[in-house]
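Quick one: the structure is below, and I'll ask about it shortly.
Chain nomenclature is as follows: A, B, C, D, E and F, assigned in order of appearance, with residue numbering initiated at 1 for each chain independently.
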């Protein structure tokens, strides 16, 4: 990947206001919501920035106090706000989602209120042409294809133009049943798969949406061959309870025809699971951008995702020093220090 | 007014989720929003209930956790939720507004996100016919006429049907420049004025929207004559700073052809001004419903409004004992106790 | 059970102000108490209301700000406050209990300050005669018999009158060693058992207080025969630590001579255990009132109790949609969604 | 006054748990109470300790977690807990009061729940004889005479015994209409006035309870002559609003036959008025104990009281450095620093 | 001023961790400190960024979690962190100050713990040469000259090199008696005054430190002539109480030989006064950088400072839309809207 | 041990301000720090006081608001502040440490800012000679030897003088790699070991720092023989995750030549691990001071340490009643009550 670009990674996607009931409280009672910004693609670039690379987010926000709130938070986590667009119309709004933490036997709950958000007024023409040569990698997800026709058209055209300009294309399938049907997902995602270099897809979605069969490794190989995808990654999460997960993943490098896998992180003490899949993507992309090495990608991906579960909010918060310590502890067999002093 | 009805007052209007930055915090920074329910007409009936009468609210809520939140809060303040309608469609949403307190020289700020709320899917047919005979008084405001064609049609039809069923009709003009133009307001409000028995209108709106001239008392008399309105009330608020107001009002009783006025409440220590106009309406309507006496209406109106300014949130919280104490202290000339013990 | 009544269930009992140290804080340090209302019988009817039936609570509150606090919270959870009595004497007071959460090896702590509460001034004559025909079911607990002679006399008379008026009588033994001795409990409870249709009694109390022996199922059958009780329910709770419980129960239907039992909920992530026994009662009574089916009673009872453990405060908060989801997940064997979206 | 004693001042009185609604919140809504300890006599000795002298409190607490809470807070403010008695009976309880801040036109509200508190089981025999020789000064207030017969008998006997042992006797009339009638107050207070050396009494109480007439200075002189009281102090508080007071006082030294007075503190920005009268007493007693100088007593009294109004809770928090700075600023005429750096 | 530079303004100065007792709480009690970043020069560039220009801060932070905290907050307010230096030594530390709000008669209190902070290890050689050509304006304050010999040497050299590279030099005298003596201040500041283009100095410091006499306007003119300074600004703040200030200022433009002045902002409702002087500097510099107009500088300076007083923390938070609204309201004579909707 | 002393135990050591990110928050984000006092030796004496003995702390604090904060908290937990020294120099400062809780896979983090704290200006001459005869036991730890030459010299001289005056000497090795090297620790600790009566040392430090080999019991015996130490105690902690520990210990009584051991506390639900080692020391010393019995020492040590893990902050909070209940529950085999009522 070409290293002489202004950004290591740019992403396109919706940014939401997340309003969550505090731990042990509920959406329909209590008297505060915690406010945070989040969104699948923002989570990814924010994780990459924390690890030390230069990233930016392309999105559209309302030109009001809530847009300002989101912009400031994007900067806080080190992501460039240079490519944000603003909606100045009276209808401008920020999509919202409400979140309630789960505890067994009560599952976490999400209520979306993202219809008619400003992102859905975006057009391919809104994206300045000069952007396409500024980055080594472009990332987006199935959510951007699912939200509305306008986001789909814009995302699709951006994928093609970034590809043409030489950027690596990363895509996370991220199927959401409340945004589109499996048939729609299959159709529109298959349109862009030929442009994708790095694909994130779960085993379940591979089977249910794309009709794949066989072992996970077979599925990944089949995707690779079918669409000439270079690297595929798939996460495995075991939900012991809303507060305890086990997490691991599989990466397939098509050029090497090699599978990468390591011991999962067991009994993660989950504080907030949202965004841990995006944190995985950020770790993998960091491993590829910084080391061009699938073993590194696997280790950073698994560590970033595992530790994100311990952080409130969608956005990761761990820098390279923290992730390196976690990887080291995960691989270490001897006595470990109990504390970072 | 007929006293043998199930409810003393019913109101129709939108109920919003209010998300406010804590005192001294801002919408675009900080990390929590305080959550509350509110809405001009709900505020009115809630104030009447606190004073001891039976009220209910007619509105439409999304059938989700946020709808439940609002429903529970309506009950909390003693208003019946029997006539709430629920929107079960996937587009169902609760209107939201964001609020930031002011301190001189910084004014309070409101950001609305109420477009496409479930209330705007309401139809006159949604309102069960049996409702029209259940109440002594029906109240709504200009906001219900302004929100959308559907709320306007529904509100207008309800005004006519409640009138036909013998209820007293109360209407608060409550002009909001961000919802409609002055010309629209004039047109649609003039349509319903012939049905109105009790009208709340500010001097400024009388002049700007309805083109009235002359002294305030002349204006009120003119409205009364023009539309055969029995009682008219108009508030006067002096903004010394966002944290200090002076409040008084004028009531005109057309049958008696008499103006009611008293000393204003001076230097009110304002905590949250939102809803103090609605609290005024609740006090006036209480005075009329409970005593059929404009002097009582004036005193309850002024006291309810003044004390609402000291309460966080749109909804009033003072019961009759508290309001009676405040009226007594306001009229008292001698030494007063410093504290309620 | 007759369905043409105003209420599906009425209950009689003391309502307390609960002041709890926040999670991880202690009664004798820290600087706030969380405030909530609670009480065994209120918890029961509140749970039934949340599931969709109409309930009310009969109790006596001080006529002051704390009484108002409790009244508003009763409404908030959908329970009727129509039958509340108020104590206007200068001695009027609300019983209080202080609560501190446990974490192994530190147990939860309760400090009671409920002596001389207004409820203990109640008399049978305070209860209006018209109440007895308004409900399908009447519920109270051993606490009401234990608090004071006045509550005992009143509760006992109410049991007899409701029974005479055709209501189903539900009684939860709920033995509390700090309120009375086992001998007192046995004597007074045996007086009312002949009127009871549905009895909740733990295995331990059956043995220690009532001197029963043998298997739990034998004990339940013996109670049934001895007092002609139709349905008996007994919970089994395994305390792994203050933050981890396993919960199940046994129901015996005397008419069918049949035992109902299902797999317990294992490793419940306990946030607040208080009131989970009452939530069980609410689920069982709901199953009986709504379906007249002991299998439903068992499933609703176990689910209501298990999920209550995840909610702060005495009062349950789960509606029917949530309980149905939990029952379904508990019975499901396949892959489950991780989240409610 | 003899300086070779273990304590400079000991006081006797009830200590209460204060539960206050947070600023801008109400007793009957919201979800937390702030918890603090307080009590007229504790407030006084705590203020004296903060200024640098050695003090202790004589009281009776329940032997439970709430008693421990109070004990720890007594130590926190530097008052000795050596003479606390503990009630180990099952009826043991701590008196409570609930507080709500006022904002014009809403007054502050207090709800008492102090009946049957452990302090009311105290007997003169509970007080160890060795205590009477340990202090230079003994202070109590009319509240201790009003609470119950037992506290009255105990307080009265302590006044006599401390007097006999050579201690200076300080007494604050502190009339509370909800504890006793004016006739009772007059009778029991007149019994102890012959033992009093330093008397705190307001002008209003002097007139209403003791039937005094004439100018305030005449009243103080008359008390002095009638009961051979050495020093009398009387505060003047002007309530501009619950958040703005003006405070001053008058001291009469009978030996010198001299009146002390200074400019009042104007427009105090009141945060919490409770305990500011007790803080005044602490400042006056400090001035007398440390300097034996009525001018100092006046200045410390006025400054301690004024600044207490800016502190949440009953207890003062200002040490000598802070009070000295405030006195200096109050007397200064030139440009003052805006800040303590 | 040359507009083709990367930055409109760069500043050099220490950044501190501010730990403040919450409103109404004290440093020596309570159980939390609010955490924020601040520092005279950071406050200035942050204010300029909020108004829409590009700025950066030059400083030295410890390479630990607290340095990261500060860095993220710098980004949050839109200031570039490109020129931050990090101290990786084991002695690395961030300076801290503790803050307590005042309420009359209690003044605000500041406790500094800034000795041995990493900024004091800085050397002129640490500053990369390429920095000097990147900005239109360089700003620093007397604090940077006072902290230590190393910061003084570095700041002095930077002033000279930025001047040489064509940048406008802005300097705020900002005398702090706890950092150096008036004699030291005079000596070291006079060394750099010949390089200064824009000087901020108070009337009091002019007299006490620099021995100036006569009217304020004479003093400003004398400074201008003596050191060839182009623009001088001096603020006038009237402290009515810690919660109420009046603020105005005077600007002198030496080229035009003209004084600029406007009506002061009266009765500002002060929430947090810290940083309002820096906010003034930011407004003035914005007016000069954006409009090259002393009238604009005066209006932006006064408005920025006045509104900063309503914001918690050192850093301003108002963007151009807000400041423009405040200026407009300040100049308006007619009826004003009460709220920003 | 001689029981006719003013204090049962005195300790010498640094007291720090602990600023911790709230649970689930991080040092470099969030907006508050929780503030607490702590320090290894203070933790020890505070634990002993809570159990009912009389203790005091010898330390040096800055004479400012932060010193006052610490002093008040020392009193709060029942430790005497009679022997505190104050640093009135302008350089006076309180050492600080920042703390962040861990959750697997994220470890807890500590950032120290304790350089140049006032404690490091202490001299042996600062300690008044009369102190040496006031206590039965003197305790300090390796931290006091490691902080600076001044604390080392002072601590060493105090050990010798207390020993000479007949006090029992207790020493906790408490090795901290960030304060000194293992070689330094070995040299300076070996200097004082001949004076030590009760030694706390971990197995790991025994091996790494002192080069011991063999079984733990052999190591303890070797220390005992080498330096004539009477009692040695060594803790064993198993870190299952940052939120789950298992804890036990071994005590060796040299006179009896006997090893004491009991079942460890398994699966402790850890809230805050800091200070649990010091709580162990407090329990052991209490067992020895109150009962002169190693079995009691073992049981109190293990219980105090285990339950400290459930308490936020460095300082323990459990009194004798609580510890006795925990010991009883730990030893009990039958059914246990779920709650303390």
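Simple rule for what comes next: a contact is a pair of C-beta atoms (placed from the backbone, for glycine too) under 8 Å apart; a residue touches a chain by one contact, two chains touch by 3 or more.
All values derive from a computational prediction rather than experimental measurement.
Asker: Higher C-beta contact count, B-D or B-C?
Answerer: If we tally the C-beta pairs in contact for B-D and B-C, the bigger total goes to B-D.
Asker: Farthest chain from chain E, going by mean C-alpha coordinates, please.
Answerer: It is C whose centre lies farthest from that of chain E.
Asker: Which one of B-C, C-F or D-F makes the same contacts as D-E, at least in over half of the residue pairs?
Answerer: The pair repeating the interface of D-E is C-F.
Asker: Upon optimal superposition of chain A on chain F over Cα atoms, what rotation angle is obtained, reported to the nearest 5 degrees?
Answerer: 120
Asker: Would you kindly tell me how far, in whole Å, the mean C-alpha position of chain D lies from that of chain C?
Answerer: 46
Asker: So, what's the distance in Å between the C-alpha centres of chain E and chain A?
Answerer: Result: the chain centres lie 40 Å from each other.
Asker: Where the centres are mean C-alpha positions, what is the separation of chain C from chain E, in Å?
Answerer: 62
Asker: What residues in chain B touch two or more of the other chains?
Answerer: Residues 26, 28-31, 68, 72, 109, 178 of chain B touch two or more partner chains.
Asker: If we count contacts the way the header does, which residues on chain B are in touch with chain A in the complex?
Answerer: Per the stated touch rule, the residues are 19, 26-36, 64-66, 68-69, 72, 90-91, 93-94, 96, 98, 100, 109, 111, 113, 115-116, 178.
Asker: Inside the complex, what are the residues of chain F that reach chain D?
Answerer: 68, 72-73, 75-78, 319
Asker: Which bits of chain B are touching chain E when the two form their complex?
Answerer: 24-26, 28-29, 102-110, 112, 176-178, 204, 237, 239, 241-243, 273
Asker: How about chain B: which of its residues touch chain D in the complex?
Answerer: Touch list, chain B to chain D: 23, 265, 267-269, 271, 303, 306-307, 310-312, 317-318, 322, 325-326, 329-330, 335-341.
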